[in-house]
Structures are given as structure tokens and as C-alpha cells.
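Paired with subunit B in one complex and with subunit C in the other, subunit A is shared by the two complexes that follow.
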Partner chain A sequence: MPDTQTAAARRPWLDPTAQPFVRILNVTKKFGDFTAVWNVSLDIWKGELFGLLGGSGSGKSTLLRMIAGFETPTAGRIEIDGQDMTAVPPYERPTNMMFQSYALFPHMTVERNVAYGLLREGKSRAEAMERVAEMLKLVQLTPFAGRRPHQLSGGQRQRVALARALIKRPKLLLLDEPLGALDKKLREETQFELVKIQETLGITFIVVTHDQEEAMTLSSRIGVMNEGEIVQVGEPNEVYEFPHSRFVADFVGSVNIFEGRVIEDEPDYIRLASAEAGCDIHVGHGVACALNQTLWYAVRPEKLRLSRTDPGGAFNRVPGVVDEIAYLGNLSIFRVRLDSGKMVRATRANVARVDEEATSWGDRVWVSWTDTAGVVLPR
Partner chain B sequence: MTRRGLFLPVVCVLGFVFLYAPIVSLVVYSFNDSRLVTVWGGFSTRWYAQLVTDPQILGAAWISLQVAAISASLAVALGTLAAYVLTRFGPFRGRAILTGMAAAPLVMPEVITGLSMLLLFVAMEGLVGWPAGRGMTTIIIAHATFCMAYVAVVVQSRLAGMDESLEEAAMDLGARPVRVFFDVTVPVIAPALVAGWLLAFTLSLDDLVIASFVTGPGASTLPMVIFSKVRLGVSPDINALATIIIAVVGLGVALGTWQMRRAMRGRKAG
Partner chain C sequence: MSAPAARRGPMTRLLAGLGLSGRALVIAVPLAWLLLFFLVPFLVVAKISLAEPAIAQPPYTALWSWEGLRLTLRLGFENYAFLLQDALYLDAYLFSIATAFISAAAALVVGYPMAYFIARSDEPRRTLLLMLVILPFWTSFLLRVYAWQGFLRDTGVVNGLLLGLGVIDEPLRILQTNFAVYLGIVYTYLPFMILPLYATLVKLEQDLLEASADLGARPLATFLTVTLPLSMPGVIAGFLLVFIPAIGEFVIPELLGGPNTLMIGRVLWNEFFSSRDWPVASAVAIVMLVVVVVPIVFLRQAQARAEERVR
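The block that comes next holds the complex of A and B.
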């Protein structure tokens, strides 16, 4: 079983005997009356690239700053590699941080920026310069060693910041919106570069981002934060396909949510009556619920099927009118107004170069989905 | 449109005349050959020659420069500390008092500052025997005190505008707070420190009132000498002295601006 072996090694969170590398235990941070982080507990394993995803004000940056040591938790503990770090000042922690603004020292050259951490560590100038040269090679900045930060492009600055944060070989690298200031194309390239560097060096990364796509591309696991709390932790596909709540379903990707009432509750399926959808919803697996309970059914746009003809059956199909079409090249997004008045979003991959059904504005279409397409959410 | 087009230049010219006519006339009359200040008697530089041989004026100028340089340096050190505490230490006990105290000399009448300083020095001499008598030392202390407030204001705004994550980054890379201050904070706020120093230097060089209160025998600053001379009637050599001061200050400002421009150009190039 060599496959499970490697899978377990790559996914230590599935191994109950593995020791977490970073432990955050019941951490709370208050600024006066404002609670920025509330009772967060989180385990992160060695070699992970953990994504902290949340909107602005969700507490993700505060949590990161507590791990770096810039903020002290109001309550709770933070352990790194088995050592309690709660009261350790930032300059004694085995972590380094890459700042959102990059925070490059404007009065120092690229080389001196990168060397700064090593020199503070007491390394000799010769050794420091040797390691700086190596690091600059890794991030492909060797020709720019003598430049000042303001003489660099955004992408180059980002790489200087990364090099400076990596030079001390930290046990844990913290990245605060590392790609936020880059344009889309550069961001995509850099995402893969970042993952490659992380795999080469084997350093544990924690990345804070508000961009769900970025979190999905980079992370081994994602922690979704909302109003100071971690609302769900999981691998990217888990968070996307099996969200625990309407918030997560809606925040990660886009989703159509129907409110429904349980009218049949069997061990192998349940059925919801939904006025919002305008049809009954059949869910092809058992759900722990009670009759007449209100539940929400979330289904992703790419799992809805549009057709001009009635697909038939008594459930999971509802007619509507195409309200808007956005053609994105690789796919098209349709906004369909159901007869119930609810607006739903459906995407279709443009696998052929010409749409045979030629669905257009104002057309009457059927929206349908399979009984495994969506998830039932209790809240 | 035409009215607006005429109105602006006229007001502009009037404004400049209002500001600079007295100075221009002073410069012109410093080259006046006549002993009477208000009567033009032909071009001459004799007052400049007389000036550089006047030991009283030269001595006072030397004292003024020393006082200004030392008190400006003290004011920069103290003012920067105050500004740093006020911008970086968050809310702490006594913060409001410190804010008020640091800014008070800006609005305090000079007479009161001077008088209270004098009383303090007299009381201190009686209690601890230092400063023994009044003279250059007491002027330096008094000037450093009131210049510090100006430096604190200038440095505070620069500190507030500085990206704090620069300091955090240095700390994150293993620098202790004192090290961070000298490695990162000071270089970044250096322009404000230079500006603060120049401002303090000028203020000290200008000051007559406070210096008059806290000075003692043998320590007359340039403004004090000029003032006492003028009381006996304006003599042309004062015009010459004033012209030299204007030239020195103008040159300093020009140098500063040029230096700043060059730094900016270096920044944008490449």
C-alpha cells in the first residue's frame, strides 16, 4: 500500500498519531470592546501550506500577527514546534513574516534587505553574503542585488520580500496577502512559484488571503474565518464541495441556496419542499434532520443544467427565463429568473465552439440538477 | 475670465511687495555710503568692513551659532523621543498630559517661558548649585526646551506617516527594539530630523526674549547685541549685518532644497 503511505505523509491531519507543528489553543484577542479573534483553536502540521481565508475584518490578519508575535492574545496559547510562544517577543520567534506592503527597507539595497536577518543573527558578513547570493538566485533576482526597493517592479519587490523572509530558514513562514498587490497574470504565475518554493524548502507556510481562488490554488488546507471565528477547516475540495454552513458555501465560490422544509425523511434520501425553488428537492442520501425542519440546499452554478426541453421527473427541475448571459470564453454564466422569482446562476463550460441550443436572452429554459449535486445545510 | 486673469497677478505682486519690500530696502541701504540710514549717499561696502572688525558683533555671532547648534541637537534628540513615544506607544497612563506638555511651548508666550526658566535656574542654583550662574549653558537649556516642541511636531507627523510594518519587519528578522529604532526608524525619518534640526537652529538663532531672560554677563547673543545697538539709533552696520544673515539663511535654504531635489531625482531614476 505505498499509495496510502505517501498520502498519509502528505496529509498528516488524517493521521491521529501525528503531532501538530503549530497549535493555537482557544486564542481570543480583544481590542478594547471589539473582539477581533474569538476562541480560535487550530492545528497546523509540518510542511503544510495552510490558507487562512476570510473577508476584511474577519480576524485573519490579527490571528497571523499573534502567531508572529506582534499582538499578544487576550486569552489562549500559541505553541510552535512544541514550545509555548505566547509570551515570546517577535525577535525571538522561529517565524518570519512576509508583509502585505512588503515592508522593504527603503534605505537599503536588495542585497542588504535580504541580509538583514542573517546579520542580526550574528552571522559573519562573508557567510551572510554567500547565503544572500544563493537566495537571490532562487528568487531570480541576482541582477538586481544592488538596487533599491523603489527601483523595482511590484513583482520584483514581492520576491525580495519573500527572499528576506526565507533567508533565516524559519520553521514557519507567515504570509499576509502575499500576492494582493500583483496584477492577475503575475499573481497566477507567482502562486505556482510560491508552492514550488514551499515544496523545495519544506517550510511550513501560513497564508492569509481574502481571495478564495488564491486560497484554493495555494493551500493544502483552508481555514475559513468569519467575525473572528474559524467556521470551517478542510482541504480545498472539502471546503468547496462540503461546506458546513451557508456562510462558507457563499464565501468560497458562488452558490445558489434554496430554503426548504423537510417533507420526507428516509434513511437513504430526504425530500424538501421549497417554495423558493418552485419544486421539490430530492437529496440522494440520508441527512440527520426532523420532519418539517427548515434546511437550506446549496448547489453550485456549474452543477446546474440548462435545457430547452423538460428533462422530466417530479423534482430537481424547474422552469425559468434567461435574464442575463456573461460570456467569459472558457465558460458562460447564465442568470435565470425562476418562476418563483428567485434568481439562480448557472455556468456552462463552452466545450464546443458553437452553442447548439443557442440559448439566448429571454428564452424559456429548464434548470435541473441531479440528486447528488448539492449539499444540505442546517444553518 | 479677464478679470480673474488680472486679479491674481496683481494680488500676487502686492503680497510679495508687502512681504519683501522691507527686506529689499534693508539690503539696499546696507550698501549706503551715508551715515544716515534714510539718506542715500552712494554705493559703498564700508559698513561690511567695519562689521568684520567689530569684536562685539563677531563674539555675539559666535555665541549665537554655538547656542543654536547645541540646542538644536539637544532639541532633536529630546523631541524625537517625545514624538516616538506619542506615536508608537499607544494609549498609556499620562499620554494626554504628555501630549499637552510637549505642545505647550508652541503657544506659550515667550515672556512667560523666559521668566519661568529664569526662576527655575535661580531656584536650581540655590538648591543643587547647578547651573552656576547664568550664561551660555542656561540659554542652551532654555532654547532646547522650547525648540523641542517644534521638533516633536515635525517628527511626529513623519512617524505617523511611516509604514509601521517596516519596524515590525526588522523586529521579525531578529532586531531588538533599540536596534530597530537606529536601523530602520531613524533612517526613514531622517528628512524630518534634518528639517527639525534646521527649524530649531533658526528658532534659536532668532530668539531674543527668552535669551534675554536667562542670559548672564558675557553671554550676549547676536539678536541681543543688535537690539541694544538699535535702541541707540539704527546704524548702517546693522543693515549690513542683517544682509549677511539673510544671505546665510537664504544659502542654507537653497542648499537644503537642492539636496532634497537631488535625492528625489536619484529616487526616481533607474
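The block that comes next holds the complex of A and C.
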């Protein structure tokens, strides 16, 4: 399949004439006094693999359950393929869901589990079984057709759940923490398998996950949720490199955040005074802000440079002491205590097998960064 | 472990010396209970069923006698033959089984929605509803059956209400019918149906019902293909718990049934207390046990299969 066919390459969200496939319009869900989802509006395009990322209690699962029809929005509406779904029961929606618990029917064999949706649709047994056989082949479960769920491993159950959700060729597949119960190695394999299946079948996926790495690997776009609200939507690199808020910067990957006060505000640069960093921060582009306003500067660990000699200059450089080093093989993570007392995290790729300028525990180092390394965050 | 024996306490060693393990001891207590209160009485009844009636105290002949060094054993199977000869007994057995079956089925139909509702309620209310199910056990069973007489008789509450509303012109005959017996049994044994059903239904995960709906099953289809098969162990357990005691039920047919509701419990009572024919009565009891055991064995097997399926 040519690369241009994949969702990530097509990027329909950049095309102003494209019609969204799933429209979530001002949806709110309250359980008693508790607001699980607050005024969420979101457009998802056909063929996308959309990741809903958030911590527990962020409302991401509730939003997914409303799309599936298990919960009714307190306010707002949900459209799928141009049709209002708000009052449509789950058994009449063109969606299928893969449950976090897998929810396989324990009293049915793998084959019967996968056939379930087709038989409910009124398909003949013969036709259903033919399609089940095809589907089991796709997920490599053919030898296990006659087994019961409790006779399968976690990974196999996960694939049964996927097969069962895909068999009806839904317009929209909803996946609730699809890889949550798998071990790390299996997760990674399955991630790529999921993407492959999604591209082969061309079905729109919405994946709920709390794992930012999983969201990054799988998704064409990510919606980050916090306390019932969508706080940012964007492509993975957009969300990572251009977070809108401290929450997103911190939730997606790790980050160093310095509080600062605007002391110079020019069209092509601004400068922050930061007691937390212990130096002035120079930002190499204009920012909409006012003098003396408090802003936050977020810079990723891999964008900090460590050196034993003073790189020179009047800003973006602070001395500190190496507090801790974690060697991960491909990279090393340094925790450096700045002279201001602030602890920062810096990573260095171990490109050479023997480090010429070896930095060790207790060494005095200079931490520096370029004027485009970080993001200015208003909140 | 290198020396397991050395790690055991003195008590365990003593028991081991006597050839007893702790596990055997745990089983021994209920086993002794069953021996003493089930097997021994059963053997006594079996013994009496092989004797002849006599005008004596107790009112049956001895099975064996010593004359000098001669032991005479007299085993009479006439009582069992008698049960076969008189159609009354066969009718009573069949009627008892039919009544118990109908009542258990009716209890299932009534109890299932109740158990389902309780299992689907949220926590504090669930406990309250379970309490309400068990609550009738706190008053005397006899009293409650007598209360039904008051409800059902010609001048009772039900007829009074229907007459008052003008639905009927003359009182319906409810008391002293088979219907009243079914009603009494369903009412009395309903908790035994609801509790095992509740126990299986409460374990039924919401996810499975949602998955079924998600795959296109309407609520009725979900019930028939997911809920019902997964609650089969509870259905069978509840059915057994109502069916078995209902076969030998005496009080309910006596108080609510008519002269022609001839259940085996009533026959048994008559043989013991009216005819004072203990041997025939004992034979009736032994046959009833066999009649009860056969369906139990079948249903237990069905239950084991159902449990295997829902594992």
C-alpha cells in the first residue's frame, strides 16, 4: 500500500473543504454533581487513528462510551457520518468497541465470540463462519478457533477482542486502552500490528489511552484530555514540541519548566527573568505578552546541553551539579541541581561507545540551550 | 524442604501418628454430622420398611430374633409391593413431582426478574432488597401459610376486593385448589430461588452486556444469548432448592390444597399417624428419597456442565 494512502500522510484536518466523519459538538456529561466531560467539541476525519490521551478520571473513557452509545450526553450532540447519534442505542450504531477488559463471552468459543456480531445482524451461519475464518486468519488465531477465552493467553484474548470488534466492518472502531493488559514487548509488537490493520481496512479508529508513548506511536492526531476537557488537539509532534499549556507539556513526555517574568518584549524576541532558572531566558521569536507578565518556559530534556566549560553568553546558560545519572544504554538521563536549587533533567544520546567528555556524579556542569529550544507557555 | 517432619507441631505429629491429616479432620466433623443425623435415621427407616406392622410398642415386628443359637432374619418386601399395587401411591408420587416441578418453574419465572433487579441495583439498595427477600423467614412459616388461607378463602381479601370492584359476581374458588398449593410453594420457597440466582447474576459483568449491545444485539437477544446462559448455574441451583423440598411438602397442601391434592407428604403423614402403619410409611419415605435423588443427580450433572461452560 503506498504511503500516501495512510491517514497520517493525507492529513485531512488541514483541508478546509473536508467534511469531518465524527463530530462531537459541545458534549457535556454529568454524573450527579460530578462533571465527567465538559463542553467537548472535536472533529475526527475518515481513516484517522485518533488518540484520546489523558490520566485516569480525565473523562476520556466517558467520551468514548458516549460515542459507543453506552452513556447519553447530558448536553451536546454526537454525529457519525453526518447522522445524529445522540438518541441511537448502541446496537444500532455503526460503531464497534474493543473493551479494556476485552469482555469476551466466557461461555462461547473464540469462533462463536467473533461470529456473534454477524449472527445478530441476521447473517446466515455459513456466511458468518466464512467471514470468521478470514478474520481469524488476519489476527493469526485460526488454530485457536475452538478454544474458550479462559484457555487463551492475554495477547491471544486481545486479538480475539479485536477480531470480534472488526468483524462487522464498523465505520468507526473504538478502542479502550487496547494494549493496557499486555507486557511491554507484546505491546510494542501489537502497536504496529494495530496500525497495520487500521491501514489495511481503512476503518476510522479512536483509541483511548493513558500512555503517552502509545498515543504517539499509534495516532495520526492526539487529543489530550484533563479534568473532562480537551486541552489540546494536534499531531503527535505538534503536541510534543508545541504544547499549549504546562499540563500538556508535562503530561506528554518529560519537561523542565521555569517560571519567568517578561523583562523585554520585542517583535522578534522576548526575554524572561527567571529566578527559578538562575539566568535570563532569551526566546528567539515574538510572543504575545505584556511586560512584567508571568510566563512559563518549557524545555525538553533532550534539548538541554551539558558541558564542563562555560559556553559563554549572557543568557540560556546556568551552572549546576550533577545529582544523579541513569544509564539506559541508548541514552543517559542526568539530573542536575542548578545553583538556584531547581532540579532539571537532561538526556544525552550515547552516540560514542566511550564518552570523551565523561560527566560523572558530583561534577560541576553548565546547562545551556538555544533560543529556539523551548516553548513559552501562558498557563 | 529437607526435613519437613521436624517443622511440624506436636499436635500434627500426633495426628499423623494416628494416620490422620489436618485435612481429614476438617472433613470429619461434617461427615460425622451426616452419619449421625442422616445415615443412621435413614437406616432405621429402611429397617422399619422391611418389617410388618404389629400392635405393639413400637408398632412393627423385629427384623431378627434369637431362638437359642438360631438367628432368624425376617425381611419383608410386601410393603414395597403394596405401594405398587395400590394406584394411590403412584398417583401421589406423580402428583408430587408434577406439583413440585410446576411450582419450581413458577418460582423461577417470578424470582428471575427479582434477582436480576437486585443484582443490577447499586450497593446500599441491593443490601436492603436482599434483606427484604429474607425477611419473611423471621416469622413462623406456619403462620404465613395460615395467613394465605385468610387471603384466598371465599370471604377472604382477594375475593372481597374482586367482588367490591365488580370484576366478579360470586367468589372465586381459590383455596383448596392446586393453584393455591402452587402459590403457597412459590411464596414460601421464593428466597431459595432468588438467592442463588442473585449470586450468579451479580457476578455478571456489565462489560459483557455492553459488548453484546455493541455487537448489535437488542436487549432481548442479549438476555437470551449472554445473561441467561451465564446464569444457568444459578437457575439450576435455585430450581433444585425449590423442587426438592416441594416434593415432600406436607403443610402447604394440607392447609391450602383441596381433598384431591394428594401429595406424597400427606400420604406419609396419614400412614404414620392415621393408619399407624409404620412399615408402609417407611417404605413410602424410602421410595420418595429415591424419587428425589434421581432428578438431583441429573440436575447436578447439568449444573456441573453449566458451570464448566461459564468458567
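Here, the second predicted complex is superposed on the first by the 370 of 379 C-alpha atoms of A that agree within 3 Å, B and C clash if a C-alpha of one lies under 4 Å from a C-alpha of the other, contacts with A are read in each partner's own complex, and residues count from 1 in each chain.
Keep this in mind: a residue touches a chain if its C-beta (ideal position, glycine included) is under 8 Å from a C-beta of that chain, and two chains touch if they have at least 3 such contacts.
Predicted model, so just to flag it, every value in this text is computed and none were measured.
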Superposed partners subunit B and subunit C on subunit A - clash or fit: clash
First (subunit B), second (subunit C), both or neither touched by A:R147: first
Which superposed partner A:K185 touches (first subunit B, second subunit C, both, neither): neither
Which of subunit B and subunit C A:R353 touches, first, second, both or neither: neither
Contacts of A:R379 with subunit B and subunit C, given as first, second, both or neither: neither
Where subunit A meets both subunit C and subunit B, residue numbers: 68-70, 89-92, 95-97, 99, 101, 103-107, 116-117, 120-121, 148, 150, 164-165, 168
Interface residues, subunit B side, partner subunit A - complex: 163, 165-166, 168-176, 179, 183-184, 187-188, 267, 270
Complex interface listing, subunit C residues touching subunit A: 205, 207-208, 210-218, 221, 225-226, 229-230, 309-311
Complex contacts: residues of subunit A adjacent to subunit C: 68-70, 89-92, 95-97, 99, 101, 103-107, 116-117, 120-121, 148, 150, 164-165, 168
Subunit A to subunit B touching residues, read off their complex: 68-70, 89-92, 95-97, 99-101, 103-107, 116-117, 120-121, 147-148, 150-151, 164-165, 168
